[in-house]
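Below you'll find a set of structures to go through.
You will see two complexes here that share subunit A, one where it goes with subunit B and one where it goes with subunit C.
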Partner chain A sequence: MLKRLFIAAAAVALSAGAAYAQPYSDGKVKIGVLTDLSGFYSDLSGKGSVEAAKMAVEDFGGKVNGIPIEVVAADHQNKPDIASAIARKWYDAEGVDAIVGLVNSGAGLAVRQVSREKGKIDINSGAGSTALTNAQCSRTGFHWAYDVYALAVGTGNAVVKEGGDTWYFLTADYAFGHDLEKQTAKVVIADGGKVLGEVAHPQNSSDFSSYLLQAQASKAKIIGLANAGGDTINAIKQAKEFGITQGGQKLAGLLVFISDVHALGLDTAQGMLLTTSYYWNRDEASRAFAKRFAARMGGRMPTMVQAGVYSSVLHYLKAVKAAKTDEGIKVADEMRAMPVHDFFAENGTVRPDGLMVHDMYLAEVKSPAESKGPWDYYKILRTIPGDQAFMPLADSTCPLVKK
Partner chain B sequence: MTALPAAARHRQARIPVSRQMLLVLILLAAALAAPFAVYPVFLMKGLCYGLFATAFDLLLGFAGLLSFGHAAFFGFAAYVTANAARQWGWPPELAIPCGVAAAAALGAAFGWLAIRRQGIYFAMITLALAQMMYFVAVEAPFTHGEDGIQGVPRGLLFGLFDLSNSRTMYYFVLAVFVLGLAFLHRVVHSPFGQVLKAIRDNEPRAVSLGYRVERYKLVAFVLSAGMAGLAGSVKALVFQLASLGDVHWHASGEVVLMTLLGGVGTLFGPTVGAFVVVTIQDVFAEAGSWVTIIQGAIFVICVLAFRRGIVGMAAPWLARRGIEA
Partner chain C sequence: MTTVLGIPIQVLFGQLLLGLINGAFYAVLSLGLALIFGLLNIINFAHGALYMMGAFAAWLLLSHAGIGYWGALVLAPLLVAGIGIAVERTMLSRLYKLDHLYSLLLTFGLALIAEGVFRQLYGISGLPYEIPASLRGGWNLGFMFLPVYRGWVVMASLILCLGTWIAIEKTRLGALLRAATENPPLVQAFGVNVPRLVTATYGFGVAVAALAGVLAAPIYSVNPLMGSNLIITVFAVVVIGGMGSILGSIVTGFLLGLVEGLTKVFFPQGAATVVFVVMAIVLLVKPAGLFGRSN
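Moving on, here comes the complex of A and B:
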């Protein structure tokens, strides 16, 4: 009897040990795409981000070291509490190993907290907040496509150099908008420009008339739009209706996606300067990805957020392959060790604070006459090298950066 | 709220305690075992919203006041508790009462204004005040705008229980929930509760009997606000987050939905309704905006087919067996 008990105990101990040593949780690698699938960021992220993640998995072969890869998706509705609840459930109960996508800074930061606590990977390709790689950085957290700093440097510098040295800001009244305004104002002042004033408007506004009239009265050469998505679109449309752009004042969209330009039409958007980390019609590799993407998305070209999701998932899977496990910290270390080389980032590196540094592009929206076909919207004016585009590592307040 | 629900009428009858106790014990045992079968955070979400809906029901079901701004108390308490726990490093046993006190104080201010009007005007005043609270939450620096207060530590309860463990946290939330429900039960069955019901059913008559109706309404409003605050405070610790979603008018609307779905004027109804709504949100999370459409459809069906809500429908059947729902 005692002997039988002993054997049973040994068997239990052995099987428990085996389960513990298993390098892949649940016997698969599970990637969760958590993004806005229904709200006002769904055009620039949404279903396209989910599709981009699936494409990356397919291109990788559907398996890593013989282990199947699965993609799941959910809608965070741009609410931090929903985002954090889904992330928690995914990590705790559904065996998700990494969360990607994450448009919207509030939702992104909420997921960052949960991921850090659980030691799981989160790769943000949609939010702009620099907090993700500063105060809120994490050993398993990454910031992939762009941040507010890079946008401010790209557009701010270029516009001031072209003589746009007096600015008035139209700012979305929430943390992201104020952050974008502050960063851009810093760049403008450093380049010798002047900020004449700013006006804050509520998020998701439909009527910009009073704000635009204030901007017009300021006589600033440049009206900086420190907002995003539908707000940017509405502001640009109404600026045209008020004759502001025809009156000689120029608009500088600080965060403009190609989906926004598509919604505006070239007639309205032409001549606008913007900074982007990806443009589909830039070179052979970016075109090849865009064509495949468009074939699956009803002809829509990928935004920098969607292209970023593809790039981040591919890099994650490479890291899992190298680490031979899906355990968060080990994969994160591999991700930092490996260079990023794909159509999205030709010479990207992942810094200790989790920021993926890559080249950004300054683009100008074409006039209807210049455009040769559907979605042919940008002229790339210049490439901003990664080390100039992003905040220097020495300035990062991330505790992981050794000084 | 003119017609007295059948459930409330049955409550007047004398009922044997034993079967009631048995049901409560069975429910309690199920609640204690639940985290071993179901994901604890989901259960905690249900309990928090259950408590919130119960608080709301104190006002709607027993005082006949339809508030459309209860998210203000829920969300404000969440912010205060989150701030106390994160910025000031307070333990949960202090941070939560702090949130409750803040919500009750806010309730006193809102209630003092709102109870002067009835019906739709009362609802509109509470909605307007709640929207002002929402504006404060967007603008005030300590709430961090749309990012919310993130990374709130759950902390050590009484310096003994580590709430960062989901199961420990669950039992804490369950204890708070049971106390909240017991409190409501006590209030409703007290002489104070009887007067409230009298006011609900016939206010001029209550006035003619010499009751100072305004005072009763105000106390009910403050109690309800405080309890909603308790739910919000606990939720802030469960999700380690206080955000704009908690003060948004959607939350005020959802709590109405939960209460009506579960059964107005019943003890367990709001909680049942809360679990139904939370389950829908959980199951259809991938469907995105369809969640609201599904919720709307269920609401319409509920109003058309069973107006007294799930528990309200079951109440007569239970009452015949000596159980108060």
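Moving on, here comes the complex of A and C:
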């Protein structure tokens, strides 16, 4: 009897000791997809981002160094307070090791603060704000799919070079919109153009006629849409209705997702220039992923955000494998050390400020006649090499960048 | 160029006209709400969802049955009213004797379910619905370009609002309706089928919401949240106009459209909140609303 008790005690002591020295918290690697699952960005991210994360885990084999990988998901409802509350609960009570997805700059920046404080990984594939890799950068934080600087450089440069040298901005009145407007204005002015004015509209406005008329009165050649999702869709639709595009003024959608083009229809969206980090029908590898994704998502093709989530999760798992732990800082260091090579980023690198630098693409929306089938929407006009597309490291205000 | 507070007068005219157009939507939606509240004492939180279903019905009719805009203008309200009547008969009618809060909770829950179902089926970005060929193009008014379709929306709304107001306030049917809400047993004693009258009224209120949805489909993208974006503003309109006052909701709807239009020029960031500021002021000064009778 005494002997059995002794063995039991020894077993308990042993397992406790093992837990103490265990390199993987909770004996598994847990990835949380935190994004908009029900609101305005749920088509461009939402369930598709969760599915993309699951695909990356499956493609990786479901285990890393023999440790099971688990994916959980939650809806941040585009509210920073809800986002940070979920992040806190995930990190503190539920053993989540990394948070991915994170559409919406407000929510993304809120999660960044919690992650930095807890020493956990956050990889943002949905938000655009450059603050993520500047003032708000973190050793364990990454920005994966695109940022407003890259969008501004891609679309802004192309439009000014085609003669669109006077601009008027319709700006969504929150962090992302103002950031996008500021970056684009810089590019326009640097290229010799002029900004004639701007109007800040509340997020999720349904009626844009009033703002469009103000833009029309400015006589600017280009109306820059520094907004996203439903706002961009409604603005483009109503610009056509009010004869603004027929009147010679052009629209430049600064952040346009393929899900937006799908909602607009090619008839309305044709001819629009946009910058994207991923287009499903670009080459063999991007098509292969898209077809597998569409089969799981009822025929919907992935957006650059969803493709970015896949790429970020895969890279994270590779780093966990190399680091032989899921401890935040060690994994983050591995992520920075390894190059990114997949269908999303052919020769991506992760900079000290956490920005994943990769090629971007300037695309034009096809006319209904040019489109060969469902979701065949873009012509890729040119590739913008990563080092030209993103903010130079020397300009980053991130304290982690050694100067 | 003449200017008012630094804004060219042409731009101001344009904005006022646009305000009137948006006001038309507020008026039609708040009309239905006021009708249902005034005659049935139900706070119909599902109104926005029903408006959304009207727009979706138009889209579904076009894409699955090939029925165009004009057909949808008649059929979509009938379809959605059918759903509304089924809801009234099976669920709402059981709550008439209880506090307002119960019908509010029920309709709010139904609205969430309806939005969830459409979001699951069609996503959030919305679906394209083209302006019918006969209403494309626009007129150049000198100070702005007025799309024919928007002109049509204002006209259709005005006719609908005035027609309803006359029907309720000036006809025998309207008198019966009002009597039936005041004193149901007495009106029943005269041989009027009061429950059927109530059901028909709810059905009509729902049909008006769905009609507004069809009118909105070509302008805004047809998406599952289009109703919930609007419904809060529309409730504010009803409160400002005076709960249950039909004329009040019509006039306030157009008026607030104008106020919002002006805000979009002078302080665009406040465009989403101005309606509530107006509501707060009105409630302070005249708690029963602009056209309401305090009792």
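The rule is short, and it goes like this: the second predicted complex is superposed on the first by the 386 of 403 C-alpha atoms of A that agree within 3 Å, B and C clash if a C-alpha of one lies under 4 Å from a C-alpha of the other, contacts with A are read in each partner's own complex, and residues count from 1 in each chain.
Here, a contact is a pair of C-beta atoms (placed from the backbone, for glycine too) under 8 Å apart; a residue touches a chain by one contact, two chains touch by 3 or more.
Here the structure is a predicted model, which means the values were calculated and not measured.
Contacts of A:173 after superposition: both subunit B and subunit C are touched.
Of the two partner chains placed around the shared chain by superposition, subunit C is the only one that A:209 touches, whereas subunit B remains out of contact.
By the touch criterion stated above, A:199 is placed in contact with subunit C alone, subunit B being left untouched. Within the superposed three-chain model, A:264 lies in touch with subunit C and out of touch with subunit B [touch as defined at top]. Within the superposed three-chain arrangement, the count of touched residues of subunit A is higher for C, of the candidates subunit B and subunit C. Applying the stated contact rule after C-alpha superposition, one finds that A:38 touches each of subunit B and subunit C. When the two complexes are overlaid on their common chain A, residue A:234 makes contact with subunit C while staying clear of subunit B.
Of the residues of subunit A, those at positions 38-39, 173, 202 touch subunit B in one of the two structures and subunit C in the other. Put simply, subunit B touches subunit A in their complex at residues 39, 41-42, 45, 138-139, 144-148, 150-151, 166, 239-241, 243-246, 282, 285-289. By the touch criterion stated above, subunit A contacts subunit B in their complex at residues 37-39, 73-75, 77, 79-82, 84-86, 88-89, 92-93, 105-106, 109-110, 113, 129, 173-176, 202-203.
Note for the complex: subunit C touches subunit A at residues 8, 10-11, 14-15, 18-19, 21-22, 119, 123-128, 130-131, 138, 144-145, 147, 149-150, 219-221, 223, 225-226, 229-230, 261, 264-265, 268-269, 271-273. On subunit A, the positions that touch subunit C within their shared complex are 38-44, 46, 173, 199-202, 204-207, 209-211, 213-214, 217, 229-230, 233-234, 237-238, 241-244, 247, 259-260, 262-265, 267-268, 300.
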